[in-house]
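Listed next: structures, encoded as structure tokens.
Next, two complexes with chain A in common: one pairs it with chain B, the other with chain C.
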Partner chain A sequence: MDRKKKFIKFVTLESPDSWKLLYYPGRIILLLITIIPTVYALYLSLHYYNLGKLRDKKFIFLQNYIELFQDERFWNSLKVTLCFALISLAAELILGMLIALGLSKKIKLKGVAQTAILLPMIITPVVVALFWKMFYDPQFGNLSYFLSLLNLPVPDMLSYRNTALPAMIIVDIWEWTPYVALILLSGLQALPQEPYEAARVDGASRWQTFRYITFPLMRSAVNIAVIFRFMDLFKWMDTVYVMTGGGPGVSTETLSYYAYMNNFKFLDVGYASALCIVMLLIVMVICNTFGKKILLREPEGE
Partner chain B sequence: MRRTTKKALAGLLLGSMAVGTVIPAYASEEKPYDGETIRVIMQAHTTTDSIQELLPQFEEMTGIDVELEVMPQEEMFDKTQIALAAGSSDYDVIMFDLMYTAQFADAGWIEELGPYVEKTGYDIDDFMPGYLNSLSYQGKLYGMPIYGESSMLMYNTEMFEQAGIEGAPKTKEEFDEAVAKLDAAGIPAIVYRGAKGHGMNVMPWTGMFLEMGGDWFDADGNLAVNSEAAVKAAEYYADLLKNHSVSGVESFNWDQCQLAIQQGKVAMCIDATNFASRLENPEKSTIVGKVGYSVIPDGMAIGWTVASGFAIPTEAQHKDAGWEFIQWALNKDSQLASCLNGDRCDPTRISVMNSDEFNEKYNYADGQWVATTIEALSTCPADYRPRIVEWLELGDGIATALSNVMQGDDAQAEFDKVQENFKDLKYPDYEMFNK
Partner chain C sequence: MGKKRKEQVLSVVTNVFIWVCAVICAYPIYWLVTTAFKTRVDAFAVPPKWIFTPTLENIKLILGAESFMRSYLNSALISFSTVFLALFLGIPMAYALARFPIPKKKGIMMWLLSTKMAPPILVAIPYYMIYKNLHLQDTHFGLIIVYLMFNLAFTVWMTKGFVEGVPIELEEAARIDGATRLKAFFKVDVPVMKGGIAATGILCFITVWNEFLMALILSGYRTKTAPISITGFISFEGIRWGEIAAAGMMVALPVIIMGVLVRDHLVSGLTMGAVK
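Entry: the complex of A and B
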């Protein structure tokens, strides 16, 4: 009887031990879908493991990593990834902040504006990439059509090394600025009103209000946006796959795309795993040092 | 006591089951695979559409249920490759192209088809030997060709007239002259594949590379992709596209090349023989009846032969039923029907290519097209690109190098880099093209 009661309390989350019920299922799922695959990837990365040549599978310890660090294409993809991530991130933050500030004011048709701005984010990334690829097409694309109406030269963005990456950064900004704006907007709406009243009483200018009140108070929202976007940008792959396939040359080849090539095209699973482990380490280091430090710091309210 | 009755019962049941399975098989010898379900994966293609349309006939005839999965080419290759590598039994029949033959066969992922052909007496002599060859590895047949193509020069006769060029250029000198005349007339001269990929920019370059005296491997079987011919070919390739083509050609795949000539934006195109059916389709093309067909000019490049075929994975569950499907899908009636009902002029059977119906429908430029195609097919080698296990990786290296040359990098340096990256590749058995 007592046992039964205890059990019911346990299941209805009334017993002090009930946390186990909530904790362990999540733990097990996490173990199955994240931790075991990661450990397996680590195991694979220490082997020569090519699906096309399974006969030659063998333990080679750090050979894959050594090769990786001597691989020009790896360093190039790291450079491309960081370049893409940092530029996109900066632009998205600035634009996102402007949009969020705009939307936080009382403006006409605010609801419509909000919905319209969110649209790019809802579209599947592959569809977005296809749409932009068509848009940039020098023969049949919209961009060349409109420019030719104005008698301007038709650019061929995706065919040249210097313009391909910028063209794709524009796509990413178009697609993901709304997401940043959304996070920042929710941050803005949660701001306390008192400091603003005090500032108005003290006769602070608009810029001063933004610089000394809004900005510091917004720091945690900005950080969330930065970390989320950075992780996404760092593993950027779908747009590359659809729009350029890493070309021209390897000028738009990101880490994820290079890993994809190694794994799915060259079937070199060991090498691709090593690359992914390195990617994981980079993201972890950046998010931990950069993210934790700032996230855990109290906002400086003077 | 009980136990014995149980045993007896079991024996009886088993006996009746055995009888039960024997009877239907005996009763309908025509349908030995009745009730089996096979899964087939194919690329989106006019041939596939036609097979899909005729499928109910096959299902009724044999009692085999066919689940056909259709995907775009690249995605389909990715998916089958992974399915095969993982040893999955998902598919009973897959589709692959010649560049995967070595890899799939060497890894033991697909069945050798020789025994199947022998068992059923299938008439493979009617298939074009070049195609069968391209889907064979070390003398053994691994795939049955579904469609195949060679390459040729297609030109816009109207633009040629405007520029004052008489007839198709037959040699490299004539070709360069034609390009100069088109330049003078302000007409973009030529398009071919410029996008990065082992089946994209590598295709036209390889033709020039081999024609200019290059070979993938030297006499000792060592890789030789930084030879003088390779560099010369790359420079020639890049010059034509950069200075004598339409804008954006650097990222053209074959589809965009086809569009460019089909919409009258360029005078010449060197690409697949099967472009013709779309260039001559009045619903899609603006240059119907204004296209000339000719073999690729001598001294400029050689043409390719490629083929895609059906194979049976080693891990498949219904191999015989799968073979039944392959035989039907590629028989003369099916191929002819797909050629006559759709825009599809790349059959793999000689009898179809020679049939009156086929020649009547695809009588482009007064038979010029059929004649050129047959000539191209008989001269172009299957080992245009080396069918080796490491091809995808090597092909990607060449594609990247070419793409860089197009951006203005030094060709010698780029190809030296490829050579250095793959210096361990050794194929002493490689049959040299320029002996």
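Entry: the complex of A and C
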């Protein structure tokens, strides 16, 4: 009888231990579906494991990692990834800040404009990539038409080594600046009013107000935008797959895409896994140094 | 006088700038929708035909393309199942984390977050190998499990914030009136959090619906999702822009509608609640 009572208390959440009932099912499932693949990837990365030569599978300890660090194509993909991430991020921050500042002012039909501005980040990324592929088409694409109106030469952006990556960066800027802008906008709207009144009394110029009041107060919003965008940019791959396939040559081959190629084109599962583990380590270091501080900052009043 | 003039000029410049941005952001939608209703000749016309006689040819072709429609249903099935499971498992976890004294809470929250930060390709390769061995390749179940991994943590982060937003006094009042905690949760917390839960579900739906890499690697002939299916249109159909546009429009439509519905929660959702 007593046990039955205890059980009822437990399932109706009245017992102090009831959280276990709520918490563990999800936790265990999540643990299984995250830890197993990660450990398995680690295991694979320590083996020579080629799907084309299954019989040669053997434990080679760190050999894959050593090869990776001597692999020029790996360094190239790291360079492409960082180049892509940093340029896109910088542009998105600057443009995003301008848009956020604009949206904090009086705008005609602001609701409509703001809705239009958030479209790029919700449209299915594959559809976005397909649109841009057709937009860049040198023969029939809209870009060449718009440029010809201005008497500018018609480029075939995606077919040349020097222009393919910039073309992809433009797509990313188009797709994700709104996201940065909306984060910054919510930061702007949360700013206290007093410093502005003080600045007005002191006769500060518009630029001074921005430089010495708005910008420092916005730091945490900027940090959040940077960390979330960087994480996404770092693992970037969908657009590459649809638009260029890493080409021409390896000029748009990112880390993720190179790992994909290793696994599914060269069938070298061990090597691809080693590359993934290296990516994970980079992400973890960045996340631990910047992310932790920024994201676990408890909201006020707690 | 000069100052007022300057204000006016600045206001005009700001308006123009924001509206130019808005047009640039909306242009692809305009292009997809118009191209979807153009004949093949009109779609490739240079200069582009701004005024044209619309045709339903492309839409009919897409609606009649069995493999595309099946992938569309696959996407819907997988997205809804993932959302359901993520909410079903995630809301209790969030409630526990928000209301009970659980040891090492911060560590748990950080670990949850790290599951979102991991590069998808890292997970995709081992899953591919595991599914190959377990014969889970090309099953809806396999894809749902992977998507659950990306969305469960997100659901917990989001809904934890919503639970914390419900004043604990409300719950206590219900319990003083004789309700158990479980009953109080359904009678008090759920009605208050309704909007937040719906927004979380919709954001999960958008993520799953839009996902590409996992579906590319883990789905197959039977379970192909809509985003994968459109890329197939390029290789099979050559460059029939009209059909690609019609298919793209259909794939993007549900997420656009839902995204606009949860506009106010969008930023908070995409930053795991770091921005309110």
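Quick note on the criterion: the second predicted complex is superposed on the first by the 254 of 302 C-alpha atoms of A that agree within 3 Å, B and C clash if a C-alpha of one lies under 4 Å from a C-alpha of the other, contacts with A are read in each partner's own complex, and residues count from 1 in each chain.
Just so we're on the same page, a residue touches a chain if its C-beta (ideal position, glycine included) is under 8 Å from a C-beta of that chain, and two chains touch if they have at least 3 such contacts.
Owing to the predicted nature of the structure, the values given are computational and were not obtained by experimental measurement.
Q: Please work out whether A:Phe7 is in contact with chain B alone, chain C alone, both, or neither, and reply first, second, both or neither.
A: Neither partner.
Q: For A:Pro138 in the superposed arrangement: first (chain B), second (chain C), both or neither?
A: First partner only, chain B.
Q: With the two complexes superposed on chain A, say which partner A:Arg161 touches: chain B (first), chain C (second), both, or neither.
A: first
Q: Between chain B and chain C, whom does A:Phe59 touch in the aligned arrangement: first, second, both, or neither?
A: neither
Q: In the overlay, answer first, second, both or neither for which of chain B and chain C A:Phe264 touches.
A: Both partners.
Q: Would you sort A:Phe69 into first (chain B), second (chain C), both or neither based on which partner it touches?
A: After superposing on A, A:Phe69 lies clear of both chain B and chain C.
Q: Tell me which partner touches more residues of chain A in the superposed arrangement, chain B or chain C.
A: C
Q: Using the touch definition from the top, say if A:Pro248 reaches chain B (first), chain C (second), both or neither.
A: So A:Pro248 only meets chain B here.
Q: Just chain B (first), just chain C (second), both, or neither: which does A:Lys106 touch?
A: So A:Lys106 only meets chain C here.
Q: Chain A residues touched by both chain B and chain C?
A: Chain A residues touching both partners: 139-140, 264.
Q: Name, in rising order, each residue of chain B that touches chain A in their complex.
A: Against chain A, chain B makes touches at 78, 81-82, 85-86, 103, 106-107, 194-197, 246-251, 256, 259-260, 265, 389, 392-393, 396, 400, 403-404, 406-407, 409.
Q: If you look only at chain A, which of its residues touch chain C in the complex?
A: 11-14, 16, 18-19, 21-23, 25-27, 29-30, 33-34, 36-38, 40-41, 44, 98-99, 102-103, 105-108, 110, 112-128, 130-132, 134-135, 139-140, 142, 144-145, 174, 178-179, 182-183, 186-187, 190, 221, 224, 228, 231, 234-235, 237-238, 241-242, 255-256, 259-260, 263-264, 269, 272-273, 276-277, 279-280, 283-284, 287, 291-292, 294-296, 299, 302
Q: Which positions of chain A touch chain B when the two form their complex?
A: Chain A reaches chain B through residues 51-54, 137-140, 154, 156, 158-161, 244-251, 261, 264-268.
Q: Which residues of chain C touch chain A in the complex?
A: Within the complex, chain C touches chain A at residues 11, 14-15, 17-19, 21-26, 28-29, 31-32, 44, 46-48, 89-90, 92-93, 95-97, 99-100, 102, 106, 109-110, 112-115, 117-123, 125-130, 145-146, 148-149, 152-153, 156, 164, 180-183, 185, 206, 209-210, 212-213, 216-217, 226-228, 230-231, 234, 241, 244, 248, 251-252, 255-256, 258-260, 263, 266-268, 270-272, 274-276.
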